[in-house]
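Chains: A, B and C, in written order; residue numbering restarts at 1 for each.
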Amino acid sequence: MQRVVQATEDHAVRARSEAIAFVVMACALVIAPMFAYPVFLMKALCFALFACAFNLLIGYVGLLSFGHALFFGWASYVGAHAAKVWGFPPELAILSGTATGAALGAIVGALAIRRQGIYFAMITLALAQMMYFFAIQAPFTRGEDGIQAVPRGKLFGFIDLADQTSMYLTVLVIFLGCFLLIYRIINSPFGEVLKAIRENEPRAISLGYRSERYKLVAFVLSATFAGVAGATKALVFQLASLTDVDWPMSGEVILMTLVGGLGTLFGPVVGAFFMVTLENYLTTIGQWVFVVQGVIFVVCVLLFRRGIVGELAQILRVKL
Amino acid sequence: MKRLFSLTALAVVLGCGCAQAQYSDGSIKIGVMNDMSGTYADLSGQGSVIAARMAVEDFGAAAKGMKVEIVGADHQNKPDVGSNVVRTWIDVDKVDVIVDVPTSSVALAVNEIVRDKNKVFLVSGAAASDLTGPKCTPNTIHWTYDTWALANGTGKAIVKTGGDTWFFLTADYAFGHALERDTAAVVEKNGGKVLGKVRHPFPGTDFSSFLLQAQASKAKIIGLANAGSDTINSIKQASEFGITQGGQNLAALLAFITDVHALGLQTAQGLIMTEAWYWDLNDANREFAKKFAPQFKGVYPTMVHAGVYSAVTHYLKAVEALKSDADGKAIVAKMKEMPTDDKLFGKGTVRADGRKIHPMYLFEVKKPAESKAAWDYYKLRATIPADEAFRPLADGGCPLVKS
Amino acid sequence: MFELLGISSQALFGQLLIGLINGSFYALLSLGLAVIFGMLNIINFTHGAQYMLGAFAAYFLLLYAGLGYWWAIIIAPIVVGITGIIIERLFLQWLYKLDHLYGLLLTFGLALIFEGTFRNFFGSSGLPYSVPPTLQGGQNLGFMFLPNYRAWVVVFSLAVCLTTWFVIERTKLGSYLRAATENPTLVRAFGINVPRMITLTYGFGVALAALAGVMAAPIYNISPQMGANLIIVVFAVVVIGGMGSIMGAIVTGFGLGIIEGLTKVFFPEASNTVIFIIMAIVLLIRPAGLFGRAT
C-alpha cells in the first residue's frame, strides 16, 4: 500500500514539475517575438516539434531512426505542393503534409521494425536516402530549386498568414498542441507499454503484448508529428527543398535531441532552440557548421549523454 | 538676437542635410552571398567579396562621401539557407543590395524575396535564364551569363566550326535538363544533329557506363549537360577511357576556369566552353587579375568575379545619381537607363528584362605545351558579338517586356 | 527518360565489366565495415570519411613527398589505420558497455568533423591525381576499351577481399577474433589480449577503407565529400549481404555493382536507387540479409 501511495505521489510530483515547465515554456514563447526575430523563432519551433517527434521514438521506444528527414521533408513537399498547386488553404495543406508523414511512416515502419537496434537505424537511413533520390527526380518537387514561393494563404479563410504575427501565433499553437498530444501519448497506458518494451522487450512479449504492433504504431505517430513539423515549416519559409530530405537533416534532428536530452519531455525543445541559435551565429563561417556539429556529437556521446535538460533534471531532481 | 542665431543655425544644419544624399540607415550595405566552402567556392566564394571591395575602391566611394559596407555570407548552395540569410539581412541588418548568388535554385528563391522587399538583386553567379524570362522582376538584373548564352555560344559556335553531331550526357535534374534542352535546340537550329542522350543520376560519381554509350554513338561532340564535380568527373573519366584520344571532343556546357585548374591541362586539353570574361584577354583584365589573385590565395578571377565588380560599379553609379539607396525598383530602373561602362566589361547596356548585354567568348583549353604560365589555359576560338550573345528580348516571356 | 534502343551484346558486356569494377569498390568498402561490425559490433559511420582520408593521403604523399601510387597503396592505409587506432583508443573504447547506438552516433560525429574540416581547407572542386604510368592506357577488348587501371582495380580488390576472408574465417588469428566477439571474457581467460585485438581489428577495417580510397583517387574525383554519399550505399550493401558475414559483404558488393551497371544501361535514372530497392525487397523476404545469421 505504502509503495502504491509513493508511486502515486511521485507521479503527482512529476506531473507538477512538468506542468510548471510547460507553463513557463508557453509564456516564454508567447512573449519571445518582442525580443527575437520572429522568423528565427518559427524555425526553432518547427524544429522543436520535429525533434519531439523524433524523441518519441528514441526516448520512449528506444528505436534510433536515422532517416527521419524522410517524413519531415516529404511532408514539407506535399504541404507546399498542396498550398501552391492545389490551392489548399493552410490548414488543409498542413493536414496533407501530416497525412503524408503518416503514410510514409506506415510503409517505412513496416519494413524497418522487423529489425532492431543498429540494423533498424541503417535501414531507416538507406530508405531515407532512396527517397532523397526520388525527390531529386520527381518533377513535382522541382529538384534543386525546390517548391518556391509557396503561398501562406488565409487560415480558416480569414486569418492572413502573410502577417508575421498571425503566422507566429499559428505556429505556436500548432507546436503547443502537438506537444501536449505527445505528452498525452507518453503518459497513457499505450505509452507505458512502449516504455516496458524499451526496458525489456522479451518480458513485455511474455506478458502478452504484441510488441511489433506497438512499435509500429509509435513509429507512425512519430512520423506523423514529423510531418506536421515539415508541412508547417514549408508554409513559414514558403519553400520546400532538398535539404529537408537529405541525410544531414536526419543527423541534425538526432543532434538536437541528443543535446537537449534523449527521453526527456523538454529536451528536444531546448536542443532545437540551441542548435538553431548556434547555426544562426555560424552562418558567417559556413561549412564549419558541420565540424561544430560533429564535435558536439562526440562530446555529448562521451561526456554529456543526458543532454541539457537531462542534466538539469538530474540536478533539480525533478522529471522534465 | 539669440532666436535669430539659433534659427539660422537650424537652417544651416537642415540645409546641409538636404544637400547630402540620404542613404537608408546612413550607409549603403552590399551583401555578397555565394558558396564559400563548397563546389563553387573558387569560382565565386570569398573572391566575389574581394571583387566587390575592389569595385567600391575604384569607384572612389569614400572620396564621394558615400559610406559603403560589404558583408558576405555562405548559402551552402541551399535555397533555404540562402532565403534565410537574405531575409535576415534585409529585415534585421538593413542590407540594400544582394550580389552574386551562384546556384540557380538559390538565386530563384532570393529573386522572390528581394522583389517582395523592394531591394536590389544583382546576379553574377547563377545561370538560370528564367531570371530574365518568366521569373523576371523589376528588382533584379542578371549580369554575367545565363544558360541561353552558354547554349548559344557553345552550341552554335561548335556546330559552325564542324562539330555537327552531338551526344548529350545530362545530369538528371531540372538544371541538367534545361541545359540539354537549350543546347539541343541551338544545335538543331544551326544544322547539327543530336544523335542521342543519356541521363545520369545526380549527383553521380562514376560515368564510365554513360561515357561508353557516348563513345558508341560516334558523335563528334559529347555535350556535358551537368555542372561542378559531375563535369569534372565526366571529363576525367572520359580521358581515362580514351574518348578524347579517339577523336571525339567534349563540350562542357557549364564550366569555369577554376574547373580547368582542378582538372589540370593534361586532362582538360581540347575542352570547349563559353565564358563571358577571361583574365588574359586584354591589359585591363590582366591588371585586375594581378591585383586580385594575391588576395584570393592565388586563384585568378573568373567571369563571376568580374561580373560582381562590374555590377557593383554600375550600382554605385546609379545610387550616386539618385542620391538614395532605398527604392530598389528605382535604382534598377536607373541602372537600365544608364549605359554601363567599366574597365572589365567595357561598354554595355542593361535591357528592360534585366539582362546585362556584352559579348561572349568561345574558348578552347590549351594543350600543356601551349601554356606558358599558371592559369594560362584558354585560346580564343570565337567571339560572339553582344547583340547575338543573349536570347532575343521578345522570346523570354518576361512580363516586364511589353510585346 | 531515354534508352538506347537495341543494346548489342557488345555494349552489354562493356557495361557488365564496368559494373564489376564499381562492385569492387563496394566490396572493398563493405568488407571493412563488415569486419568492424562483425568483430566489434560497431557501425563505423566514419568509414566514408576514412575512405576519403585514404585518397587524400595518396594525394599528399604525391604532393609533399613525391611518393607515387605504389607507395601510397602501402603507406596510406597504414597511416589512416593508425588514426583509426587512435580513434578507437580515445573514443570508442568507452562505448562498448553502452548501447551500440552511441557508437553509431560517435562515428557519425567524427565523420562530420573529418569531412567538414577537409571541406574548409580543400573546397569541393576536387584535386587532381593521375593514373600511375605503369597502369595507363588500356586494352581494346573488341567490345570496349578497358583501361588497364580499371582491370587492376578488379583484380586487386578481389585479391584483398579473398585474403581477408581467408584470414578471418580460416586461420587461427581469425578464429581468435571471432571467439573474442562472442565471448570476450572467456577468450581473455585464455591469455589473449582482447582489447588489443579489438583495436587492431578496427585499425584493419579502417585501413581497408583507406585502401579503397587510394584506389579511387586516380579515377574518381578526390574531394572531401567522396565518402559521404558512398557510405550510405555501402550500408545498404552490408544490410543486404548480412551484417556479420564477410563473404556476404564481398559477394553482395560485387553482385550489386553488376546489377547497378545493368540498371545504368536499361534504366539509367534509377541507377542511384536500385540498391536501396533491392535492400527493401531483401528485408521483406529475408530480414537477416542474404548471408546473415538471424539474431
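Everything below uses one rule, namely that contacts are C-beta pairs under 8 Å (C-beta built on N, C-alpha and C of every residue); 3 or more make two chains touch, one makes a residue touch a chain.
Small disclaimer: the values here were computed from a predicted structure and weren't measured.
Set against the Cα centre of chain C, the chain with the most distant centre is B. More contacting C-beta pairs link the chains of A-C than the other of the two pairs A-B and A-C. Centre to centre, using the average C-alpha position, chain A and chain B are separated by 39 Å. Chain A and chain C, compared by their mean Cα positions, are separated by 33 Å.
Chain C has residues 119-120, 269, 272 in contact with two or more other chains. The residues of chain A that reach two or more other chains are 133, 137, 286-287, listed in rising order. Residues of chain B in contact with at least two other chains: 37-38, 172, 201. Contacts from chain A toward chain C in the complex involve residues 64, 66, 111-112, 114-119, 121-123, 125-127, 129-130, 133-134, 137, 247, 251, 254, 258, 286-298, 300-302, 305.
In the complex of the two chains, the chain A residues touching chain B come out as 37, 39-40, 43, 133, 136-137, 142-146, 148-149, 237, 239, 241-244, 283-287. Considering their complex, residues 43, 91, 94-95, 99-102, 104-106, 108-117, 119-120, 232-233, 235-236, 238-239, 243, 269, 272-273, 276-277, 279-280, 283-284, 287, 295 of chain C touch chain A.
Note for the complex: chain C touches chain B at residues 1-2, 4, 11, 14-15, 18-19, 21-22, 119-120, 123-128, 130-131, 138, 144-145, 147, 149-150, 219-221, 223, 225-226, 229-230, 261, 264-265, 268-272.
Interface residues of chain B, counted against chain C in their complex, comprise 37-39, 41-42, 45, 172, 196-201, 203-206, 208-210, 212-213, 215-216, 228-229, 232-233, 236-237, 240-242, 246, 258-259, 261-264, 266-267.
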